[in-house]
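In what follows, chain A forms one complex with chain B and a second complex with chain C.
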Partner chain A sequence: MSEMNKAMIEQYRNSFLSEVEANVEEGEWVKMCMQCGVCSGSCPLGKHWAHPPQEIFMMIRAGKRDEVLTSDSMWMCTSCYNCIVRCPRQLPITHIMHGLATYAKKLGLTPKNQPTAKFAEIFWNNMMKKGRVNELKLGLSLYFKDGFGPGIKEALRNKDLGMKMMKAKRMAASEFFGGHGVKDVSGLQKMIKKAQELEDARMKKFD
Partner chain B sequence: MSEVAEKKFAAYICTGCGIGDRLDTGELEQTASRDGRMNVVKMHEMLCNKEGVQMIRDDIANDGVTHAVIVGCSRRAKVEAFDITDIAMTRCNIREAVIWARPDTDENKKTTQEMANDYIRMSCGEIKQMNKPSPSGQQGRNPNVLVVGGGVTGMTAALEAAEAGYTVHLVEKTGALGGHVAQLHKRVPFKAAPVGTPNSPDANLPMPEDTGIADMISAVEGNDNIKVYLNSTITKTSGAPGRFSVDISTESGDTTTENIGSIVQATGFKLYDPENLPEFNYAGSPDIITNLEMEALANAAGDGPIKRPSDGKEVTSVLFVQDAGQNSSDEDRLPYDSGIGDLVSIKQALYFKHHNGDGCDTTICYNNLRTPGAPGEDFYRSGQKNGVIFTKSDVKEVTPGDSLTVKMHDKILDEDAEVKVDLVVLDLGMVPNSGPDPYAANEALEGMSDEERAEELEAQEAHAADENSIKVESILNLDYRQGTDLPHLKHGFTDSHFICFPYETRRTGIYAAGPVRRPMDIRQAMDDATGAAMKAIQEIENAAQGRAAHPRVGDLSYPSFRKEGCTQCKRCTVECPFGAIDEDEERYPQYNESRCRRCGTCMGACPVRVISFENYSVNTVGAQIKECDIPEEWDEKPRILVLACENDAYPALDQAAISGVEISPWARVVPVRCLGSTSLSWVTDALNNGYDGIIMMGCKRGDDYQCHFVRGSAMANERMAKVGDTLESLNLEPERVVVEEVAITDIDRAPQLIQDMADTIEKIGLSPFKF
Partner chain C sequence: MAKREYSYYPGCSSQKGASSSNLMKSVDTMCQELDIQLNEIPDWNCCSASIGYASGSELPRLTLSARNIALSEEHNKNQEIVATCAACWLATKEAAERLKEDESMFAEANTALAEAGLKLQNTTPIKHMAEVIIEDIGLDEIKAGVKKPLEGIKIAGYVGCQTNRPFGIAGESFENPMYLDHLVDSLGADSIPTYEKKVQCCGGALAFSEPEKSQEMIKGIIEAAYDNEADMIATPCPLCQANVEIYQDQINEKYNTKFNIPVVYYSQLISVAYGRSASDAALDGQLIKAKKLEDIAGK
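Up next is the complex of A and B:
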């Protein structure tokens, strides 16, 4: 039996749905979707998504594991909460989208150079260093995320804004050198590490 | 003393509600006594109050008044106050039809007064042709209800009637009570989740519950007022409500004859035949089953897992094909949807979750998921919560094999897919268990050419003669002239207005309940049965007093005919929408009072005008037409006769006046019981008398009819198609006579139709027949 055929037969089985229910934040809500499509119609960015939320839910139920987890759709969510407000079944759609994104990231299935995913990573690493976000470094990291050349270009483009922010004391150049952090950075890092361990232990394996 | 001399006519004119302010009451009084030739004319400033009504009652008691015209408000107002049944009585409407329909200005004063005078003349003419109606005494009180069908509908109807103190004869074709419900494993829950149940994936939602049929069967069997006949059918039903004679026969041929007051037909449904759906391969594998077979499979499982029929393997995946053979435009498939199939499949999918564990894949392939009823949405969520997968898809094909292969098109993902499952359940539709439609043969002929007609008739005869052809068995075996069973509306379901008068059928005293009337679930069928039982009880009491059933409830008048004038043409027996008229040995029509709804369709059908009611006849309406003053041609005041159905058109005109919509001063409105009672002679007479236009206002006809007598309005329309010949022979324009469908809500349109006729007359000129 070919791999493709195997996959076909596995379609419409509950396995991927169970995986989502177990491992994705608010994943237990997915089965309650009644396919009305109000979320897809309400999403301001819906037309830019490869698969709007309604379709994502159907794909989960149809067992399309790879297609869902490697999709960049859930990364497109801007957390406007329109879908949550309108869902007649009151599904926490926004949270499910972020849950799916997190899970995909964890499994290493995030599409390459997905900007939202990249930003999230930069944000996390930046925050973990000192226990708080260093805005100057966060901005700079974003400018240089595609390499040195484009970084310089982007920095120059925004230089006026930067000067104004410095003048208004919204940004300090001194932050570039170390910057300030929380009192007990290593304590925080330990806490996060422990949380990560607990979550990894809870995560069920579906291979 | 001759009978005429005993009659004393009186008119009572109310001057309240502004009548006295708007009209010259002296002139009204004079019109009633001089033109109307009333023996007594009295005025009262508020006739409907105690004092006014007492005045009329005193005159009846002390002065021997036998006929009264009550001049004032519409016949639809103050009905209780003027509930006078011991004499002949009519109402003359000069409030809604005159003062409220016309503006209160000086230039309109004269035409408004003319209207009121005319209506008084008309009513005085009418009352002279009327007599006090009295019941025929054809039947007495018979407290026996016959219930045909021992399923959940029939048993509920039986219990309800029995609890109300009536005796019930419950006839069941098979050897056991319970019908389809007795075959079910569980039923769809009756109640929604309690108020306040959270909307979450772990909420406590309703689950399949016990059918409760065992309790119901023992309640029926233990009820002294219910006599159950198993393995029995109805071999003959004759008579009428209050005096039905019913032969109940067992398979072995033993027959009991019972006297019955009224009948509830609860013959239920059968499943659509899956053999007609080749794509689902029902015959190809024992693992492709119907929704009813699924119930048996669940019953067989006991406490263990559900196993598939072919090899007894525990089912690990099941797929439900929703709406199989339903909602289809293909011939031989059901054009409708049983509506409850989705609830049933959710219930059955939950059987698997319960018996075979959460790991059993249950997929419901639907197109439009519908879960009607109070618990519907909660039950849908209950299915989802428990892991039933719902896939909006078209199932294209089911192929047998070691496991079944289902090909489908997913309509959300817009792609073809293929699944392998252990079991496929087909959601088949409900086909009503009706007897043969008495009018099917006629309807097949509608709109055919003479040649096609001959061919069709030949085919019908051949079918009837062929011993091997499949014939629908009669259920009631009525020995009515118009067929053995209840007429159908569509797709074999019995004909009754599904909103306005749901349990009524076109055979008075026989009420349909449950899925023979329309597809429905247990809960709805039980409500339906209760409603039908109440109607059956009501009919027993009405028939006992000679009173009409819906819609002229309580009417004591009934049709009779002048034998010497009858030509035995049979038009009345054919056109009666309720099959109320049989044929006697001499081939004259034979009326069955309690089958009659008093619409007068027979009266309108009679070409020799020999059929009449005591208080409604060709002459009562004819007199109203004749007594209206027709102004001379040079007055330039046209007269428009409006024959308005009392059920919808007349109330619409009343309501128009109440709402301040003007009605043309040229209109003279005559209420009729049903447009079906309209005699062609009224039209001819009116035209000969010099009316300039005639509007006939009846209810909507056709499949989605609103006619309270089902076919009356359609009959009238057919007959009036011939009015063109009359107009031609009189050399009159065809626009002068129109037939319109008017609904009770047409309060702007109905007056506008009259105005349109007034405009037409202005264009084509007044009638040349003014004398």
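Up next is the complex of A and C:
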């Protein structure tokens, strides 16, 4: 168990809701859920959620910490914003789901090999290298996310698509060497490092 | 001097050799025709889209967008920011709003920005190009400039998610927006106002991480276009375009369908209707050729 996870269990022993309110993006909205279920019915990948948003909100209030944070559910969010515009109480549900996923990841509780969690990490690291996404490398690292063997298989499966994209000039082999990026990479990286420090300090304030 | 001028945030996929380079090129052509000058934000960065959240939590993510707004405020003074990508627009506008609502977050974002020698005022409006077309210019003016009406083409207007929610176009419904259909009609093509999948999610970034679940949804988007006898699908969103166009072979293989329907951008429709060539409209960037549009462009 991660040190941070231990510390948070200790601190919020009796109230998972307070923990979510303090540490999860837009978490202070959770208590406003009136359990109507419109979000769950509106979610395009709803049938793949073990616990749809409405249920997640109830589970948070019932203190089901492990079940919520280790769940695969919030990783099914496609960011379509259906739930946000339909919620009668205007809860920022999409952001709360993102926030729960981010928090679970911080605590080391993400289910193993969760594909979207992996992709999100690959995406962020790819983007942070030069300040802009390198689509070619993003695609390749996604193919090889489960290791070399499956990577080759996946790359071959998508070979025709890749060739077509190159022919249409919507993918460039030259991106493999260098590629697009911002000029002030070091400034951008320093800025993000600072933002991360400030955010971590925010969480420590509740210690 | 151009009639209208904006600070332009093209985004990662709208770069040379990237997946929506055909959007970039057709937007460029469209703006020449509409007398719009786009001034690219110097040294803009990625907004981290709607998938960056898991590694880049709230403040780092907001700061990425804050950097773009700050750069725009410094170099493209008093110009509204315009984005052509749904995710770029959403992330930037969301960051601007969140930083307006939360003073301590705004102060922290500025502390982080100072590391890159930047300062955010956060007074700049953030627009989507669709708002420029519909609100700033208006469909009457768009219609008046049509040289080659797109006659005989039936088009399913696929608005998608993030161009439509949570912000969308003022006065339009989230559940049944009509502006894309009205644009299609203004250009002389036939719209399908009852295209029932017009705001259905294509899976977004999960098309990469959860391909099977996403392709099941994409299948529905294409099927409904065929059911409505559409010749092609048109969209404002680069990820919608890519997801709905490029996986048709894989969907055909899995579901034994015979999908082969072109998916184009509104900017390509406008470019062709305004008399520009297939190449200027970046129709060579389609994996599935939009033959009927090419024919009109070649006339």
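Throughout what follows, the second predicted complex is superposed on the first by the 189 of 207 C-alpha atoms of A that agree within 3 Å, B and C clash if a C-alpha of one lies under 4 Å from a C-alpha of the other, contacts with A are read in each partner's own complex, and residues count from 1 in each chain.
One rule holds in what follows: a contact is a pair of C-beta atoms (placed from the backbone, for glycine too) under 8 Å apart; a residue touches a chain by one contact, two chains touch by 3 or more.
Fair warning: this is a prediction, and the values are worked out from it, not measured in the lab.
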Task = Answer with first, second, both or neither: which of chain B and chain C does A:78 touch in the superposed model?
result = second
Message = Between chain C and chain B, which one touches more residues of chain A when both complexes sit on the common chain A?
response = C
Message = I'd like to know which partner A:140 touches here: chain B for first, chain C for second, both or neither.
response = neither
Message = I'd like to know which partner A:109 touches here: chain B for first, chain C for second, both or neither.
response = neither
Message = Just to be sure I read the superposition right, which of the two partners does A:35 touch: chain B = first, chain C = second, or both, or neither?
response = first
Key: Touching partner for A:61 - first (chain B), second (chain C), both, neither   = first
Task = State which residues of chain A lie in both footprints, the one left by chain B and the one left by chain C.
result = none
Touching residues (chain side chain A, partner chain B) in the complex = 8-9, 11-14, 17, 28-29, 31-32, 34-35, 54-55, 58-59, 61-62, 89-90
Query = If you look only at chain B, which of its residues touch chain A in the complex?
reply = 199, 201-202, 317, 359, 361, 363, 369, 380-381, 384-385, 387, 389-392, 410, 412-413, 417-420
Remark   = Within their complex, chain C touches chain A through residues 12-13, 15-22, 43-46, 48-60, 62-64, 67, 108-109, 111-113, 115-118, 161-162, 165-166, 174, 200-201, 203-206, 208-210, 213-214, 217, 246-247, 249-250, 284-287
Key: Touching residues on chain A, where the partner in the complex is chain C   = 25, 44-45, 48, 76, 78-82, 84-86, 94, 98-99, 101-102, 105-106, 115-121, 123-125, 127-128, 131-133, 135, 142, 160-161, 164-165, 168-172, 174-175, 180, 182-184, 187-188, 190-196, 198-199, 202
